[in-house]
Structure formats: C-alpha cells, structure tokens
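Next come the structures, one after another.
Both complexes shown next keep chain A, but they swap its partner, so chain B is in the first and chain C is in the second.
Moving on, here comes the complex of A and B:
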C-alpha cells in the first residue's frame, strides 16, 4: 500500500486523528518558539483540510465511504460472528457528511490564518490552539460518525472545547459568564441526548445509526427520544426560543472563535437533520415534526432579526443575525420534511426546499464567518465593540470595509452573492408550500439588509473621527482569512448551479435516502 | 458541467452571469456620465470644505450620526413588541434553563400525544 493509498483509505479516521494529534502536541511545540508553533498549527490545519477534501472528492465521485474501526477490513461493519449486530464504532461519510466536512475545512483554514494575527497579542496561545483543534475534531467527528453514542462523545468534545474558547479572553469575567451559560445549557442538552441514546439502546440493542433506523418502530419511547434530541440540538444550533445563549457566547468569544462557533452550531443542525431523516424518516409523523421545525425556523428568523436591529454591540448584533439565518435553514429543511411522505409534493418542491436549506448552511458559514472576522478586525484596531463609538473607519480600513460589504450583501440576500442563490431557492419552494412563510422569509431579508445598513453607516461612513486618525488596516493574515471567505461568497453566488449539482443535491439526496444509508452500512445484514 | 448554467429553483431560473453583464453595462454608463462632470476639483483645497452658510464647521465626531440614532422610528413603532421581547432576554441562566425545559415539555406533548 502506497502512502497515498493509506491516506485515501484511512481518511475518515485521519480526519479526527490529525487535529487531535495537533491539539495535544501544541503545548509541547509551543515551548520551542512562537514561529514554530504557528507553522505547526497552520500546517496541521492545512493537512486536516486536505484530508477533508480528499475524502469529500472520494464520496462525491464514488459514493458513501464506510470506515469501521478495528475491523479486518475498513468496510466490514457487521462481523460474521456478531449475529448481525454492527458492534464496532463506524464512520459513515456520505455526501451530507462530506458537505459538512468541506464547510469545516474552509472555515477552519480561514479562521486559523486569521488567528495567527488576531490572537498574537494574547498569552496562553498553546491552550487556544489546542482547544481550536479539539473543536475541529469535534465537528468532523459529529458529521462523520455512524454511531449515535459516538455522536454524543464528539458533541461533548465540541461543547467543552467551545466553552473554553468562549471564556478564553476572560474579559473581566463577562466571557467566563457567557461560557458558563453555554456550558450549563450544553450539558443539559447533552444529558437529554444521552437519555435518548439510552432509550434507543434499551429498545433496539444497538447504537449504530443504520441499525436503529432499520429497526425503528416509532413507539412512544421513540417519540420521547426524538423530542429530547430535537430539543437539545435545536438549542445547540440556536433556534428560537432556545437561542438565549448565542448572543452572550458569540459576542464574548474572540471573533475568530465566533466565526467557528457558527460551524459548531451547524454541526448540531446536521445532527438534528441526520436524526429526523436517517433514523426516523417516514416512520414518524413527518407533517407534525416538519411543522415543529418550520415554526422553530420562522420564530428564529423573525425574533433573530428584530432583536438584532436595536443592538449597539456589533458582535451581539451579528449573533442575533446568526440566529435569524439559522431560521432559513430550519424553514427550508422543515418544509422538505413536512412533505417527505408525499412523493408528488416532495418532487414538486420538497427537495428544492431542502436544497435551499442545505445550500444556505454552506453560504451562512461563509458570509457569517466573514462578518464575524470583519467585526474582529474592527475590534482589533479600535478596541471597542460599541457601534455608538465607531465611525469613519472606511477611510482607513478599506479592505475590511469591502469584505464587510460582501458579507452584508450576502447575508441580506442581495444578488449576485451566494446568500441570494440559496434564499431564492427557499423563497420559491416554500411559496408553493405556504405563501405566508415565503413572505415572512422575504420580509426578514429586508430587515436584515436594514440592520446591516445601520452597521455599515455606523462603522465605516462619516468623516474620519479624530480618535481613530491613527487606525491602520487589519494585518495581512487577517485580510487573507477574510479574503478566502469573501471570494467564496462571490464565486458561489456567480456560479450557484454547479455548486448545487456537485455538492448540495447529492447531500440532500443522501440525507433523505434512509434506505441507501442503511444499505451502505449494513449491506444485506 | 456547465459553469455558467442558470440556477434552477423549481419555479423559475436565476442567471447571475446575465445579471453581472447588466451590472457592468450599467456601471459603464454611470462612469461615462461621471466623466462628463466637473473636472477642476482639487483635493486638499477649499473645495473640500463643507459650505455651511458662514457658520463654523462642527467637530468631525459631532456630525456623524451614531448607531443609536438610526431606526429610532422603527423601534418606536414596534415599542409594544420590543417591550415584550427584550425583557425575555434576561441574561439569567436559570431563566434560559426554564425556557429549555418548557419547550421540551411542549414538544413532548405535541409529538407524544397529538401526533
């Protein structure tokens, strides 16, 4: 076996091993010098991203990749002497998992590059990078695993690392308070997830997602487990009315961390969609659960954007917009779920709504990550998050302003940027399901634009203020980090159909195809 | 793979490249109009100073409209809505836990009993 074969064959495992290796060696390597440590973290992040892309290419080219830990063959999920039970931990990387992996890889590289400058003034950076790589491992694990208990383990790794990162700057205790709120709520959610896993194990004698899906009866216990998981993961992804932790955590975390917290929240959204589509699918009452997700989505859109408008803290304002944008994803996928049992409606607009929602996950990670990074660049240069104290920065921070404009127009759904493409898919498909929902989504986009006009005017417009006369543009690594995300916002907006054809549509079909998932894992077992 | 293929929305299409060409054409027209404008403007001269009918120019910070002054009317119009919504965000962890437990209970009733 050549080195290349080894990498390709073991890519699912390496996706976790490399960031864990990077994380735990970081404190040791940090003792050598700052330059060596920076080279180490950047190099390991690039390797991790390369593995994610190799794996994604393999998945999109040849189909789902099954990786069984400790088995004689990496695709032997059900040992011959196990009585048909998949006893080992497996990673099941289908198109949806690969899609999420690409998001994590792109944002991870951008954020890490940005962090090299944005965090350079702070101490204990070995701890910072260790926690960052644990977050990376947590996200990759959550989106790759085919084992529900393993999902819980990676969810916990991600939650603990995220809490550490939110508290990283202490900020007079305020960051620690935000982290505590996040941690307590995350733990409460994790307990519910664990309780649900206990129900599945007691009922079906399995932790393997495919096996549970195959045996799913949708009993009262399954309904309880479904609600516990939906509530916990809806809270983790910041859906209203379970969103309360997001403004505190997003605004108090370093901006680079906040950009990645968006991806972390989306990993929970992935978990929510994976459970309802892959484990339950049409065995459950799709209309009821679909409408629950739709209502959570509409509440998130409306409450998120209306709470953003009066905010005076730039990051808090953006945090509420993150809540609002999550609503679009829930709305699109919720509509797809609500009509899942009806073949005619699914083919008429259900799949399109899901494609819009899933495409919006990608777009949101790019433009919201970009916006948080621009906010971080502003705070890095002027030292305040208070919009009332800002003004005239367009004179000195021209590139940051351009990146902000790209992100703001994208989030508001202004053509030809990426946010418009996914929102258009959501508007038109949701309109066929229920016109009122589509109208609400469009009004929320208008309010989003209004909110970002306020931010743009407050931060960049007006005369150059005397107190900011000496302010310089953000350092080059921060600009490159923002530039990567901005370029994707433009490219995915200009060429949306190839993206939908190559990435989004396969991801949606993988998510909706419960039988295909089960067959990929269990074969004829 | 057609890179320039329009986005199919299931209900219509969206062709961003056409939009881009139209945008560039409009930009060229705007640029040509701008080029016909006054060209004697010189940076760093009296031409840059605002004309305020002989009054002294206020300090730079005083003329910038700050964030809190924007959308005042919008917020006033929706005062009743915000009077309810904002206080719900108490910042108190136990309140947030109660919300979480209450929503979970509500979902249990909807999914467990009604469906």
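Moving on, here comes the complex of A and C:
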C-alpha cells in the first residue's frame, strides 16, 4: 500500500486525528519558539485542509465514504457477530458532509493565516491554537459522523473550545461574560440533544443514524426527540428566537475566532438538517416541520436585520447580520422540506430551494468570514469597535476597504458576487412556494444593503481623521487570509453554475436521499 | 490548616494516588476507567492544596509538569490509535487483543476473578486518559484554588 493509498483510505479518521494531534502538541512546540509554533500550526492546518479536499474529491467522484473505527475493515459497519446492529462508531462522509468539510477547510486556512499576525500581540497563544484546532476537529467530527451520540461528543468539543476562544481576550470581563452565556446555553442545548439521543436509544436500541432512520416509527417519543433536537440546534446556529447569545459571543471573541464561529454555527445547522432529512425524512409530517423551520428562518431574517440597523458596534452589527443570513438558509431548506413528500413540487422548486439554502451556507461562511476579518483588521489597527469613532479609513487601509466592499456587496446579494447567486435561487424557488416569503427575503436583502452602506460610509468615507493619520494597512498575512475568502466570493459569484452542479446539487441530493444514506451504511440489508 | 489536617492529608495523599491508579488500571474490568481514576487522583491534589496553601504547594505541583502529563496522555491516546494505522489496520483497531502479548490474553469464559492481562489496547488507552486527566484536572484545580491563602484557614 503506497502512502497515497494510505491517506485516501484513512482520510476520514485523519480528518480529526491531524487537528487533534496538532492541538495536543501545540503547548509543547510553543515552548521551543514562536516561529516553530507558527510553522507547526500553519503546516498542520494545511495538511488538514488537504485531507479534507482529498476526501471531498473522493466523495464527489465515487460516492459516500464509510469509515468504521476499530473494525476489521474500514467499511464493515455491521460486524458479522453483532446480530445486524452497527455497534461501532462510524464516520459516514456523503456529499453533504464533504461539502461542509470544504467550507471548514477553506475558512480554517484563511482564519489561521490571519491569526498568525492578528493575535501576535497577545500572550499564551499555545492555548489559542490548541483551542482553534479543537474547534476544527469538532466541526469536522460533527459533519462527518454517522453516529448520533458521536455527534453529541463533537458538539460538546466544539462548544467547550468555542467558549474558551470567546473568553480568550478577557476584555475587562466582558468577553468572559459572553463566553459564560455561550457556555451555559450550549450546555443546555447539549443536554437537550443528549436527552433526545436517550429517547432514540431506548426506542430503537441503536445510536447509528442510519439504523435509527431505518427503524423510525415517528411515535410520540420521536416527536418529543425531534422538538428537543430542533430547538437545541436552532439555538446553536443562532436562529431567532434563540439568537441572544450570538451578538455577545460574536462581538466579544477575537475577530479571527468569530469568522470561524460562523462555521461552527453552520455545523449545528448541518446537524439540524441531517436529523430532519436523514433520520426522519418523510416518516414525519414534513409540511408542519418544514413550516416551523421556515418560520424560524423568516423570524431570523427579519429580526436579525432590524436589530442590526441601529447597532453602533461594528462586530455586533455584523453578528446580527449573521443571524439574519442564517434565516435564508433555514428558509431555503425549510421550503425544500415542506414539499419533500411531493415529487412534482420537489422537482419543480423544492430541490432548487434546498440548493439555494445549502449554497448559501457556503457563501455565508465565505463573505461573513471575510467581513468579520475586515472588522478585525480595522479593530487591530485603530483599537475601537465603535462606528461613531471611525471615519476616513479608506485613505490608509485601501485593501481592507476593497475586501470590505466585496463582503458587503456579497452579503447584500448584489451581482456578480456569490451572495447574489444563492439568494437568487432562494428567491426564485421560494416565490413559487409562497410569494410573500420571497418578498420578505428581498426586503431583508435591501435592509442588509442599507445597513452595510451605513457601515461603509462611517468607517471608510469622509476626510482622514487626525487621530488615525498614522494608521497603516493591515499586515500581509491578514490581507492574504482575507484575500482567499474575497477571491472565492468573486469566483463563486461569477461562475455559480459549475459550483451548483458539482458541489451543491450532489450535497442536496445526498441530504434528501434517506434510502441512499441507509443503504451506504447498512449495505442495503 | 491545622497540623491534624496536614498530617491526615500527608497520609491520605498516597492512598488516594494508589486508589486512583487502581481504578485506571482496572478500567477494563470494573466500573471506572481512565477518566474516573484520573479524577480521583486529582482530588488528592485538591486535598493537599486545601490542607496547605497554594504557595507551598506550587513548589512541587508544578504547572509545567502537569501540562506535560496532559500532553503525554493526549498524544499517547491518539498514538495508540495511530499505531493501528501503522500496522495497516483501521484507526482504533484493537491490535493487541488476543495477540498473546501485552494485555493480549483471551478473556476467560464464565465467572472468574477478572484477568488483568486482557482487552488489548483498551487498558493502554485508559492509562493515557488517566495520565491526561491527572494532569489536566489538577491544573484546573490549581487555578481554581490559587486564591487560597495560608491565613485564610
């Protein structure tokens, strides 16, 4: 077996082993010197990203990849002597998981590159990078796992690491307060998830997602479990009315971390979709659950954007926009769910709505990550987050301004940027489902644009302020980190169709195809 | 604290340590395991910190040593799993079970006294987790109780 074969065969395991290894050795390597540590974290991040891409390529080229931990063979999900129960922890990487993995890899590399200089002025960076890699491992684990209890474990890893990262800059205790809020809510959410898992385990004697999906009866207990999981994961992804942790956590965390927290929230969103589509699918009342998700989405869109408009703290404002954009994903996928049982409607606009929603996850991670990174660059240089104290920065921070414009236009859905591509798909398909929802979505987009015009004007426009005359452009690693995300925003905006065909459509079909998921794990048995 | 408490803590500390290690070592046979055993050991650390003061203790409960223990435990855990890959097996494959070597005895059938030399890599992972929790939880306790002053008793 050659080295390449070895990597390809074990890619799902290496996807979490490499970040965990990087995280655990970071405190030791940090003792040698700063340069060695920076090389270590960057190298490990690039290896992780490479593995994610290799795995994604394999999944998109040849179909779902199964990895059974500790088994005699990587694809032996059901041991011969277990009586047909998949007893081991499995990683089931289908197109949807690989899609989320790509998001995590791209944002991870940009954010790490950015952190190398944005965090360089702070102390105890070993802890920072350790927690960062734990977050990476948590996201990869959540999106790859095929075991609902394992999902809970990675959710906890991610929550605890995120809470540590939010509190990383103590910030006079304010960051710690935000982290405590996040930690308490995450723990509450995790307990709800655990309770639901207990219900599944008691009812179906299985923790394997495919096994539960196969045996799903949709009894009263399953309804309770569904409510618990949807509530907990909607809270974790920051949907209104459970969004109240996001503004605090997003604005108090270091900007690089905030950019990655967006991905972390989307991993919860992935979990929500995975449970609803793969475990329940058409056994449940899709119209009701679909409408609940649509209502959560519309509430998030409207409340998020209206709360964003009066904000004076640049990162708090962006955090509310993140809530608002999550609404689009929920709306798109919710519409797809509401018509799931109906073949005619699904092929008419259901799949397109889901493609729009899933594509928006990708685009949101890119432009929102970019916006948070630009906000971080501004804060890094001038030391305040207050929009009223900023002004005239366009004279000195030209590249940051360009990146901000790209991000702002993308989030507002202006062509030819990636936000437009996914929002157009959502508008068109949702209009066929219910015109009012599409109109709300467009109005929210206009409000988003208005809000970002305000930010742009107050940060970059106007005469150069005397107190910021000495402000320099952001350091090169930060610019490269932002540049990667900006380039993807433009590229995916200019050529959305190949991306939709190659990445998004397989992901959506994998998500909607419950039978295919069960067959790939249990071998059609 | 008073001389009585200190003497009792001195006497109890090795006992707690041994009990914790016992739970770690018998993790694959009895209730408990790496985490529980490590937590028991960490309570020993808490006991001596409370009995003495943070200042006196920081001389021999060094944070660097504890951090090193944490790293060794975590890397050891992953390393045990990675060794399976080196043998051409699946990650976390139990390559020692039934091999006849270390922890490689087959489990005896029926009621038995509990054979320690079984279960393959599971005891090794328990040791790794035990060492990790020993270091990690003691550091947590050290930080939480770092405000304890001598006169505050």
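Operating definition for what follows: the second predicted complex is superposed on the first by the 524 of 525 C-alpha atoms of A that agree within 3 Å, B and C clash if a C-alpha of one lies under 4 Å from a C-alpha of the other, contacts with A are read in each partner's own complex, and residues count from 1 in each chain.
By definition in this document, a residue touches a chain if its C-beta (ideal position, glycine included) is under 8 Å from a C-beta of that chain, and two chains touch if they have at least 3 such contacts.
Remember, it's a predicted structure, so these values are computed and weren't measured experimentally.
> Could you classify chain B and chain C on chain A, in the superposed arrangement, as clash or fit?
After superposition on chain A, chain B vs chain C: fit, no clash.
> In the overlay, answer first, second, both or neither for which of chain B and chain C A:13 touches.
Only chain C is touched by A:13; chain B is not.
> Determine how wide the angle is at the CA centre of chain A between the CA centres of chain C and chain B, giving a multiple of 10 degrees.
After superposition on chain A, the angle is 140 degrees.
> After the superposition on A, what does A:21 contact: first (chain B), second (chain C), both or neither?
second
> Quick check for you: in the superposed arrangement, does A:497 touch first (chain B), second (chain C), both or neither?
It touches chain B, and chain C stays clear.
> Just to be sure I read the superposition right, which of the two partners does A:181 touch: chain B = first, chain C = second, or both, or neither?
first
> Using the touch definition from the top, say if A:70 reaches chain B (first), chain C (second), both or neither.
second
> Contact-wise, after the overlay, does A:47 reach chain B, chain C, both or neither (first, second, both, neither)?
After superposing on A, A:47 lies clear of both chain B and chain C.
> Name the chain, either chain B or chain C, that contacts more residues of chain A.
Counting residues of chain A touched by each partner, the higher count goes to B.
> Between chain B and chain C, report the minimum C-alpha distance in the superposition, expressed in whole angstrom.
Nearest C-alpha pair, chain B versus chain C: 23 Å apart.
> Following superposition on chain A, which residues of chain A contact chain B and also contact chain C?
Comparing the two interfaces on chain A, one with chain B and one with chain C, no residues are shared.
> Which residues of chain B touch chain A once you look at their complex with the stated criterion?
Those in contact with chain A are residues 1-12, 14, 16-17, 19-20, 23, 59-61, 63-68, 70-71, 74-75, 78, 81-82, 85-86, 88-89, 91, 93, 95-97, 99-100, 103-104, 107-108, 110-112, 114-115.
> With touch defined as at the start, can you tell me which chain A residues reach chain B in the complex?
Residues in contact with chain B: 180-181, 184-185, 188-189, 192, 220, 223-224, 226-228, 230-231, 235, 241-242, 244-245, 247-248, 285, 288-289, 292, 303, 306-307, 309-310, 312, 348-349, 352, 387-388, 390-392, 415-416, 420-421, 424-425, 428-429, 431-432, 450, 454-455, 457-458, 461-467, 493-498, 500-502.
> Can you list the chain C residues touching chain A in their complex?
67-68, 70-71, 74-75, 78, 81-82, 84-85, 88-94
> For chain A, which residues count as touching chain C in their complex?
1, 6, 10, 13, 17, 20-21, 24-25, 27-28, 67-74
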